[in-house]
Structure formats: structure tokens, C-alpha cells
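To keep things simple, chains are lettered A, B, C and D as they appear, and every chain counts its residues starting from 1.
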Amino acid sequence: MKIINDPVYGFITLDQGLVAQVIAHPYFQRLRRIQQMALAHLIYPGAVHTRLHHALGAYHLMGNAIHELRLKGQTITPQEEEAAKCAILLHDVGHGPYSHALEQVLLPKLHHEKISLLLMQRMNQHLNGQLQTTISLFTNTYPKTFLHQLISHQLDVDRMDYLTRDSFFTGVSEGVIGYDRIIKMLTVHDNQLAIEEKGIYSVEKFLISRRQMYWQVYLHKNVLAAEKMLVKIIERAKQLYVTHAELKLQGPLHYFFEERNLSDEELLHYFVQLDDTDIMAAIKQWQHSTDKVLQKLCYGLLNRDLLKCKLQTTPFPDEWIQEKRLAIQTKYGVSAEESHYLLFTGEASNTTYALNNERINICLKNGQVVDISEVDNPLISQTLSTPIKKFYLCELV
Amino acid sequence: MKIINDPVYGFITLDQGLVAQVIAHPYFQRLRRIQQMALAHLIYPGAVHTRLHHALGAYHLMGNAIHELRLKGQTITPQEEEAAKCAILLHDVGHGPYSHALEQVLLPKLHHEKISLLLMQRMNQHLNGQLQTTISLFTNTYPKTFLHQLISHQLDVDRMDYLTRDSFFTGVSEGVIGYDRIIKMLTVHDNQLAIEEKGIYSVEKFLISRRQMYWQVYLHKNVLAAEKMLVKIIERAKQLYVTHAELKLQGPLHYFFEERNLSDEELLHYFVQLDDTDIMAAIKQWQHSTDKVLQKLCYGLLNRDLLKCKLQTTPFPDEWIQEKRLAIQTKYGVSAEESHYLLFTGEASNTTYALNNERINICLKNGQVVDISEVDNPLISQTLSTPIKKFYLCELV
Amino acid sequence: MKIINDPVYGFITLDQGLVAQVIAHPYFQRLRRIQQMALAHLIYPGAVHTRLHHALGAYHLMGNAIHELRLKGQTITPQEEEAAKCAILLHDVGHGPYSHALEQVLLPKLHHEKISLLLMQRMNQHLNGQLQTTISLFTNTYPKTFLHQLISHQLDVDRMDYLTRDSFFTGVSEGVIGYDRIIKMLTVHDNQLAIEEKGIYSVEKFLISRRQMYWQVYLHKNVLAAEKMLVKIIERAKQLYVTHAELKLQGPLHYFFEERNLSDEELLHYFVQLDDTDIMAAIKQWQHSTDKVLQKLCYGLLNRDLLKCKLQTTPFPDEWIQEKRLAIQTKYGVSAEESHYLLFTGEASNTTYALNNERINICLKNGQVVDISEVDNPLISQTLSTPIKKFYLCELV
Amino acid sequence: MKIINDPVYGFITLDQGLVAQVIAHPYFQRLRRIQQMALAHLIYPGAVHTRLHHALGAYHLMGNAIHELRLKGQTITPQEEEAAKCAILLHDVGHGPYSHALEQVLLPKLHHEKISLLLMQRMNQHLNGQLQTTISLFTNTYPKTFLHQLISHQLDVDRMDYLTRDSFFTGVSEGVIGYDRIIKMLTVHDNQLAIEEKGIYSVEKFLISRRQMYWQVYLHKNVLAAEKMLVKIIERAKQLYVTHAELKLQGPLHYFFEERNLSDEELLHYFVQLDDTDIMAAIKQWQHSTDKVLQKLCYGLLNRDLLKCKLQTTPFPDEWIQEKRLAIQTKYGVSAEESHYLLFTGEASNTTYALNNERINICLKNGQVVDISEVDNPLISQTLSTPIKKFYLCELV
């Protein structure tokens, strides 16, 4: 047994055996070089924690959750425990550099969960098939559904850890959730995770904290601006890469900019070599580019000179945008097409976080199971389950 | 300047002058012997903090709030600052033993805010009129309304401190509010307190935390049971006091049990000598009473052998109660009338905490001021502003 | 299983069975009415936590410690675990009102650990002999010495909890110890508790924190003043009790003031009815005494008008004291004998906390076991193990 | 005024004007890409905070310290406040990638404080001489010595922040210091910083915490191993750089590997483009090197497969090392010379942190000023002021 210090939970105990092998694997260690909150640290300077740290935190909560369920009479074998722990350690192994921010633009055809699965399968080969149950749990093909739900569901240990951890490292105390209380309230009903009735308020608090973190942090207008700049940088670099020799990269990122048709196998080979370093090194190189647009975006991002971002509930009027666009073309001497890198609009939505068709089961004292939105005097009503859409406009000023 | 350690805020700096005189006054020191959360410590053993501690905490937040408002250009004179600080120190000086729990039964004719005012007026005489502005602020007769609102309003420093402090000492992390962020978001608009737009989420969080503390702590079924036992003890003792010599008390509490008609002046004279000690000493004495009802209630409360409490959203059926009542009469050999001390029902409601006609002003970026329930995508809608009523039944088992 | 919220540890899980019976016992519940830090709250307003709360905290750490030792291969049966937990719950059950402060003066013949044992034996009768192993562990007559050491030794869970808890409730962050790390470093060597080598710094930190809490809090000059006032009050009241009818008390405290010769059995009978309430009620009554000395001391303590205390490393010169004494006699019109209640000196020493002949075993990586003062580059040397004596003078001003 | 969230202090308020200009400067923003604790995150996964974050934290404490000194009657002009704040923001601006770890090997001729000064002078030109006072304070040529001491001395805000922050992000609670209490105890005596007598215990605690952080964290054997690996990587790469084309780097790091003689001016030009990214990108490239030694070290560091490190108080015997060295040559097929990259010894010492000739002045209640080691019953004696030396051996296994 090995113990590591964690500022969030105090200590995390690491198991021997398969867990230790998974942690030591280069695919997992790579997560050390991917920041959990991408560029949010430009606004919240403490938010520099890594995906590896989050994975270890979620692993810790998984251990606690399994301990509680066993105390309540649920049978979970040591093998199932190990598999559940490995699955949560690896649930984000498919994240690329700057995670969500770049996902769509670097590997437009592959979702990170799909990559996670592909990488688990590869690791399973390296580890002589020891990850078989892990993979079943991850893909929800294992009979004990509630174990899968601990990994991926409305109230999984993934979300419990990232909300707790992100709120800890940003210093946004409003995001704090009672993860330990929620875990103590976990129970299983009909092979599904459920929460005991007296845990209702903690679950409500969890959902409200998520809402708060969403708008105050994840979609903070400057965080949005920084992440959109990053996307524009990659898009611009992709556009110019073949023709501009000065942009040429030495490392694995190179293969994601060339127009070659790589097989999935080849893509993965280069993918596991990628991390935030590659993007940052590229941006540092490109800040000296002869292309004005790329130069400005890279220099701005490096020196925290961000595009100005406006966030509102109604769309921006087309003519008004058009006027601004013309002004930018004049001011910076860029073409109409190029101006779309320096002024653009879009929609931000918390749909991902809204209540969808996955239920949060509440197990009432009378034995009945209802959804959190169906309890007496629910806080979670229509209001909260409707996705909220906001419109943003980013521009160079 | 004097510095005291506070586990909640780190340090609290106490001013010299009038503030020091108020703190040294016996009326204020009496609050040291009144627990902020009455009997909640029977369920949350850490919740033993005092009204004096809460008053000092609210005083600290008042200083912070005034500092912020000044930074934003609001003129607040040193005299006004001193008065606002004294007013918040004294806002609860009229609380009697076990605060809210006993208010209705010990002094049925006087609300604690009324007593606070009467005591401030007396102190004002002791302090040669130095509390004049303090009293104006407390009674909202001072022109700068926003200063009164810092003392008593939807988002005053009183509530900010008690939620923070109660949640700290109970260990209910879900009750934590971002008091420091709310204070940084304070502003004044048209002589009224308002919150800057970017503070919306913190205010929502504050309201949700209050809701949570209300149901999870203040109205926890066992807290309710304990406090109702206390009420029943006092009621029973009042009923028997004159006829049962064994109940006779030595201290000031005596005067609140005798049937004498005391003037307000006399009442106050004895009132300021009362604190939790008197009640607890009485209960310790009465646990040996020959009256079975009083004896059982006192012994139970002292030894944490509480009445069993049930809390639900629908009223309890009359016949069912009647059956139970008969059973209790038989089991404990008490009369029908006496059985009402050992089995009773009632309603608990969070109306006090619900959104009422006091607004929480949000100052939008465009300069407009709206209520928190009128912002885009409000969390605070009908649901939350409707009072929630629950029915309780307590019984000896 | 029952869970309670603790602001210090988050949650404490209470076992069923004997543990629950011990907690429900009136002897244990009495600890709810004895403050852990006596009058320290007059200086640190948050320090109002109770002996019951401390006992529950130490119980929690005992569970953690046993869990760790088992992980390291130590055999501890469920019965032994239960007994160790009951022993730590009851280790302070013999404390009287205001604990250490009044111990010498209320019951001069009985040390609180002796009373704890007597009360455990009585409880053992009430509980049909179930506390037999508990008592063996408490008295160190059980073969597994290390279990006794968890209850009472240099690094027992008692000290770990009270340092952690006192530092938490006073807000003195310097007193914080790494209790969780120390517990993870616990091991057993030759039936004795020991600490793994890599835990050295945590143990050093523990000892330094204790030193700091000792001088900054437990022996803070105003805390000292308050506690000495309390002692003087009791001494004066004892002196006058028989002759001054006005001092007569209603409750159990009465029996400790009368000159009757009570048997140990009778003493215990009244002792278990005593708690802080009785002392405070007496002081409230006596503040109206016709005896000037008693009146002044009681009024001062109630209203935090403390004797002025000076603390220094050299004794106060006799003549200087004599002069002051005469001045006080004149100023307050008291006799020479009475003046000793209003001006007195004494010695405060941290001997209780200093390193004595109980070792702290460090288990080196090479298997050798040495004392903490014998490791390489020890922090704990002569300096720290020498008792420090300070001289105090308290006087009415 | 701008407010940022800080997980350590809650909020940090950023001033307008010169402070804002300094923060916005690319030299300062570069610190965002240099981790405060270099590779310690391989052992303490939370320790990923940046030098920029530390600089902002120290800036915050500087504001608090100046506020306290003013309250105590010290005159500090707004210009001096601004200069002191800028000086602390910039005190570490001369740090290169991986800070202390690489300082000696990348720029062997220049200490980071020297570079900090050179960069401040350059920035002073960019900012039209506004940093003149800042530079005087930094170089201790400004008359108010105590302001310089707040920036660099035994108890400066730099150390207060890094101990607090490092202990926060590593999760090593034993390192927590009472920075707020120390700041409240600051005073000025004869133009020198001093600590009020009642702050003695907090200062002792500060020194003990530093000792603890030193041995438990900064010189943790695995942290040491990782940082020495990094040094060996750079040394090996420097050795091979000219002859091995595959090692050639694209970015600014290139200039520190070529044998060209750069002027200080040129060095600085490239230096300010360097950060952790460049080192990490190089290591990622070199892990595929054909040089076995470089390949092993780079791959090991990237995947947390560290050299095994032993730390002891006596030197390692030469013959024993020699034997091990031969074994490594055989096992890995490397030359005797190459084996020094894979097995090496050295000394770690806490001299940097030990008490040197800079005093910590304690201002006694009687007005006398003495050193912390000269107070009554000092904790800080010979023991603690003697540098402790340990010997390490790192080897590939």
C-alpha cells in the first residue's frame, strides 16, 4: 500500500496489483501533462491541477463509495472493486491536450470516451487481459449496473471529484459539494444506484453547485475567450500548415496537421504522445509567425492578452457584427475571411450539465423510489432542467 | 485595537471606544451564556457556539461590508461605522435563554427584537446617549437606509454570519456560503443595498444554503423534538409552579413562573439576569419532580432520551393520534390532559426564511436594478418563494 | 450504524451495541454539560466545545488507529476494538465541572482518572459486566499493551483529539497537528506502540504544537486569571458557606460545600449530578452576596471583568507584592486575609505536557527502535524536555 | 480594482496603475509557465502551482503587511506601497525553467536574483522609469530598510507565501504556518522589521514548518531523484548536442546548448522566452534518442520511472559505490563515464533554510529587542541553526 498526499482529501491510499500497474502505465502518466481545466488558470490562477490528479481523486471516492455500499449489505467482490477502481482511473485516459477545448478541432472524428475505450483495450493487451472486467464496467456490459453508474451517471464519482477539485483549486467556495455526505447516502435499488431520502438536500446542493461552477467558471467569459482563441489558433495553423514552412513542428502534433490519411491505429500511436506541452510549444513557436492572424492570437494567448468577450441571452444582431467586422479588417489590415479569426460569435450552453434522461433515484423511507424532481417540494423543477443557452461574441480590441 | 481568534474568520479586530464599551457591558456579556442554536447540539455536538460569538462574527462582517462600500465610493462617516457596528453587536441582545425555542412561552408578550430595542435604550442611558445613532440605524429611522439593511434585511450580515457560523459548527458543509464574495459584490443603489450582477450565483447559493440548513438542521426532526420538549417542560412547570413547592427556583427565572403582574421595567430587570444556565439548572432540579410528566420530560432532555418525532408533508389523521394518545395514557398512567405533554403534533414551516416582500436587488451591468427572481434564467422562482409547511408528531415511546 | 456530523473530522460513525449503550448512559451524557476548555472561551470565544464532543472525537480516531494497525497485520479482535472504543469514550468520564480548573478544590482527595475508573466500575454493573475488557484496557492490565497506549500515552488518541479540537475551536491554527498522518504512521513493536521513521517530522510537529497550545492558550495569562478567579470563588464560598445563609445552594453542589463527611459512595452519587451548570448557577447567585470579596469575584467572572494577570520567568519580589497587597486592602476595604483572594501569585508549569519517562518509540527503517530524542538531528532535545516554569501574579485593579 | 480567486487566501485584490502594468508584462506572464515546485508534483500530485501564482500570493501578503504597519503608526507612502508590491511581484522574475533544479546547469554563471534585477531594469525602461523605487527596494538601497526586509529577509512575505502555498498544494498540513498571525505581530524597530513578543510561538512554528517542509517535501528522496535526473538529462544533452543532430531543438532552449559565446544581452533575450514547456518538449523529443543514457533518463522522467534514491546521514562507502557502478555498466551496457549519469551521489543540505546571520528580531514588552534565539526558553537553539547535511545516492534499477 502506498499513500499519497492530496490537498483535497488529505490522503489517498493506492492499492497494489492491477491498480498500481495501471497507474504506472505511460498512458496514465500522460494525464499528468494535461491540465484538468485547460486555460481556466488564466482567470483562476490556482486551477492548474491535472487530469491525473482528478483521476486519482475519483479513484479515492470510488473506494469510499464501494466501502459504503458494502456496509449496506451490497456484495461487491474484490475483483469487482479492482475493476471499478481501474475503470475510474482510466475513464479520461482518452483526453487529448487541453481536453474539451480542443477535442472537436484536433480529432474531429473521435470522441474522447471512444478513445478512452480504444486505449483501455490496448492497455488490456499490455496487461495480459487483466482489464477485461474494467472494460465491461466502463461499457456497461457488466451485470451489476450500479457499478457502471458509479463511473458514469448523474451522480458518479467522476462528477463528484471534478466539482470538488475544480472548486478547490479555483478557490470558488460556492462550488463545494458535500461529496462525503452524498457517498454516505448511496444505496442500491433494483441494481441501480439511488440516494437515501435524507440525502435529498445534498443532491440538490450538488446540482446547484454544478450550475454555479458552469456559469461562474467553466463558461466564464474570459475562460471562453481563451479557449476559443486556442481553437482559432489550431484552425488557422491547420489552414496554413502545409504552405507555411515556418509552422512546421518537430513532435507528434505534426501528424495531426498534415493532410495524410492516418489509420485509427496510427492516430492512436501519435495521440498517446500528445499532451498540453505540444500545443504550448507550438504556440510559442507560432507567436513569431509571419501570418498576422496566427501571430496575434498566439502572442495574445501566451501573454494573457485575451480577445474581449461579451456573453448575453439574446443573439447579437447581424448588422452590428458586420460593422464590427469591417472595422477590424481596416484596423488590422486583414481580409474578410481572416477577420473571422479575430471576431466571431457562437453559443454556449449548459446542456451537457442539465438534467437529461438519466434519473437521480431517491429511495424514500417508505421504500418507494422516485426521481429527484418528483420528491415533495422539489428544488429541481422545469427551470433547472431546461438547457440555458447564451450567446457570445469575441473580438480583438 | 484588540485582536481575537475566531475559528470561522481567522481573526476579528475589535475597535476601541464605543465598540469596546458595548462589548464590555453586562447585557452583551450575557449573550455568552446563551447558545446560538439552543438544543441543536444534541444532534450536532459541535453546535455549542454562543450568541456572543455570533454577534462578534456579524460585527466583523459589518466592518468588511463598510470597507467594500467605501471602496466603491459610498460615503460612510466614522460615526456611522461605529453606530452600524454597535447595532449589529446588539441586534440579538434581547434574546432570552434558548432563544427562539423559548421565546413564545417565557415572554409571550414580547418579541426579542422589541426587547433588543428596550435594552439598547437602557444601555444608551448607561453610555450617556452615545448609542443614539445606533438606535436610529436599528429602527430604520436613519436616512442612510442601506446601513439599516446591512443590519436587517434579506442579505444582512446577521444572516451571512449565522449561516456561515452554524454551518461551520454543525459541520454541515452544504450550508457554507460565499460570504466574502457576497460582501465584495455589495453596492448601493438609490440608498438601497444591491448586489452586482456577477454576484447572482453567490446570492442563489446563499438562498439554497439557507433552505438546506433550515430542513437539515434547524428543523431536523430530533432538534424539533428536543426544542418542543423544552417548551413542554416550561409549560408544565408553569402549570404546576404555584402548587408544587418542590419546583421553586432560587434565581431570576422564578419571576417568570409566578403569576405576578410585573411591569415592563421589572420584567426587563429580571430578564437581563436570565440565560441558558437558569433553564438548565431548573431542568436538573425538576428531573426529580414528583410530577411524572415533568420528571419524564426533564430526565429525557438531560440524558438525550428524546421524544420520537415524525415529520411529513400531510397532516396526521385525528383517529390515529387519538389511538396513540389512549395508548400513552395507559402505558404511562397519565390523564388525557397530561398526555398532551407526551404526545403532540404541530406544524413546522420555513416561512421565516422564505422570500417575502423584502427584495434582493440585483444591479445589472446596464445599470438597471431588478429583483433576484427577475434575472435571466432565475433559480429563485415560485417554487422557492412558496412557504413549505411540514407536520410533526412527537411522542414518548 | 449512526452517523453524526463533526466539524473537525467531517463525519463520525457510531457503532451499535455496547458503544451505543455507553453513549446513551447518563454518566456519558453528563459530559455534554462540561466544557472541554473550562473558561478559555472568555479569551477564545469559539472554545465552547464539550467533553462529550472530545470523547466522540477520540473515539473516531481510535477507530482509525485500529483500522491502520490491522492493515499492518496486527490482530485486534472485534471485542478488543469495542473495548478500546468504550475505554476512550469513558476516559474522561470522571471529570467534574470546569475540569482541571476545579479538580483540586472541589474534590481535593480524588484525581479525575481515579473517579473515571470508579464510574466505569459502576457502569459495568449497570451494563452487566460488559465493560470488563474496557476496564482492563483502561487500567493497563490487558496483555495487549499497545491498546492501552492508544488510550493513554505520549501519542494517544486522547491527545491527538484534544490538540486538534482545541486548536480548531480556538482558531489557533498553529496548534493544528497532522493527526491523520500520525495515525497512518502508527505501528506496533514488541507489544508497544511505535511510529514509523518517516513519521518523525509529524511527531515533532505534534510536540511543538502542544508546546504552542500550552503557552498561547491553556496558560494564556487571561485564561489563567479566569481559572484562578474560579478557584478563589469556590475557596471563598467554602469558607463562608456554613455561616452565610444567602450562599445556600439548591442542587447537588450543596454537598460539596457542607462539612459533612461523605463516603466515597455518597460522593460519587452527588458527583455524577454535577456539571458546569451548577457552578455557573452558584456564581450567578453569589454575585449578589453581601461578602464583598465573593461578590467582586463572581461579578467579575460573569461579566468578563478579569483580574489583571502578569506572567514572567522570575518570581515576583516579596516586598513589591506586600506593597500592592496593602494598597488593595485600602482601596477595597478588605482585610489582609481577604486580600489574598484579590491578589495572589503562583507558578504555572508545563510539566504535565513535557517529555517524561514515557517514550515515543520511533521504528527506524533498519528495524531498530529508538526514542524520538535519539534520532539523527533530533528537534526534541534537552531544551524541550525540561519543564518550563513561569510565575504569575493576579490582582484586582 | 480587480479581484481574483485564490484557493489559499480567498480573494486577492489587484491594484490599478503600475501594479497592473507589471502583471500584464510578458516577463511576468512567463512565470505562469514555470512551476513553483519543479518536479515535486511527481510525488505530491497537487503541487502544480506556478511561480506567477506564488508572486500574486506574496503580493497579497505584502498589502496586508503594509496595512498592519500603518495601523501601528509607520508611515508608508502610496508610492512606497506600490514599489514594495511591484518588487515582490518581480522578486522571482529571473527564475528559469524548473527554477532551482536547473539553475546551476542551464545558466551556471548567473544567479536567479541577478537575472531578476537585470529583467527589472529592462522592464523599467519599457515602463519609462516607473520601477526606480521598486529597484531600490529590491537592492536594499532605499532608506526604509524594513520595506526591503518585507521582500527579502528571514520572515519576508516571499517565505510566508511559499511555505503556506507549497504546504497547501502538496496537502502537507504540517507545513501550515500562521501567516496572518505573524503579519499581525509585525512591527518596526530602528528601521528594522521585528516581531512583537507575543508572536514568538508563531515564529517558532514558522521555522519548524520550514524545517518540516524541507525534509518531507523539498528534499524528499523521490523529489531529489527526479530533480537530479533532470539535471543529468540537461548535462548529457549538452555533452551530445553538437554531435547528435537528432537532439536539435527548434525553440529558444537551442541557444543554451550551443557552444556560442552569447553576450549577457543576448542571453537575456533568449532567457525570457524560456519556460518549463521548452524543457518538457525537449525531454519528450529526446526520449527517442539513440543515446541509451539520454533515452533512459528522459523516458524515466516522463513516465515517473524514477531513479532509486537513498538518503542517509553518513557518506556512502566508495568501494560499495564502485561495485554498484560496475554492475550498472554490465547490466545496461554503458561505459564507466556514462554510468555516472545512472548512478551518482551527492549531498543535500538545508543550509539555505538554516538560521544564518540574518536575525529575527523579537520586540519584548519591555521595549528591548533580542534575537529569537535569545528569548526565554527558546525553541531555536544550536540544534536548529546548525545546517543538516544528508548524503544521497541515486541509481537506475
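Simple rule for what comes next: a residue touches a chain if its C-beta (ideal position, glycine included) is under 8 Å from a C-beta of that chain, and two chains touch if they have at least 3 such contacts.
The structure presented is a predicted model; accordingly, all values stated were derived computationally and were not measured.
Chain centre most remote from that of chain C: A (centre = mean of CA atoms). For chain pairs A-D and B-D, the one joined by more C-beta pairs in contact is A-D. Chain geometry summary: the mean Cα position of chain A and that of chain B are 43 Å apart. For the pair chain B and chain D, the distance between mean C-alpha positions equals 50 Å. In whole angstrom, the spacing between the mean C-alpha positions of chain A and chain D is 32.
Shown for chain B are the residues that touch two or more other chains, namely 10-11, 172-173, 181. Partner chain D is touched in their complex by these residues of chain A: 4-8, 10-11, 24, 26, 29, 32-33, 41-46, 48-50, 52-53, 56, 168-173, 249-251, 273, 277-278, 280-281, 284-285, 302-305. Here chain C touches chain D in the complex through residues 172-174, 176-178, 181, 201-202, 204-205, 208-209, 211-212, 215-216, 313, 376-379, 381, 383-384, 388, going by the rule given at the top. The touching residues of chain D, counted against chain B in their complex, run 1, 3, 10-11, 71, 180-181, 184.
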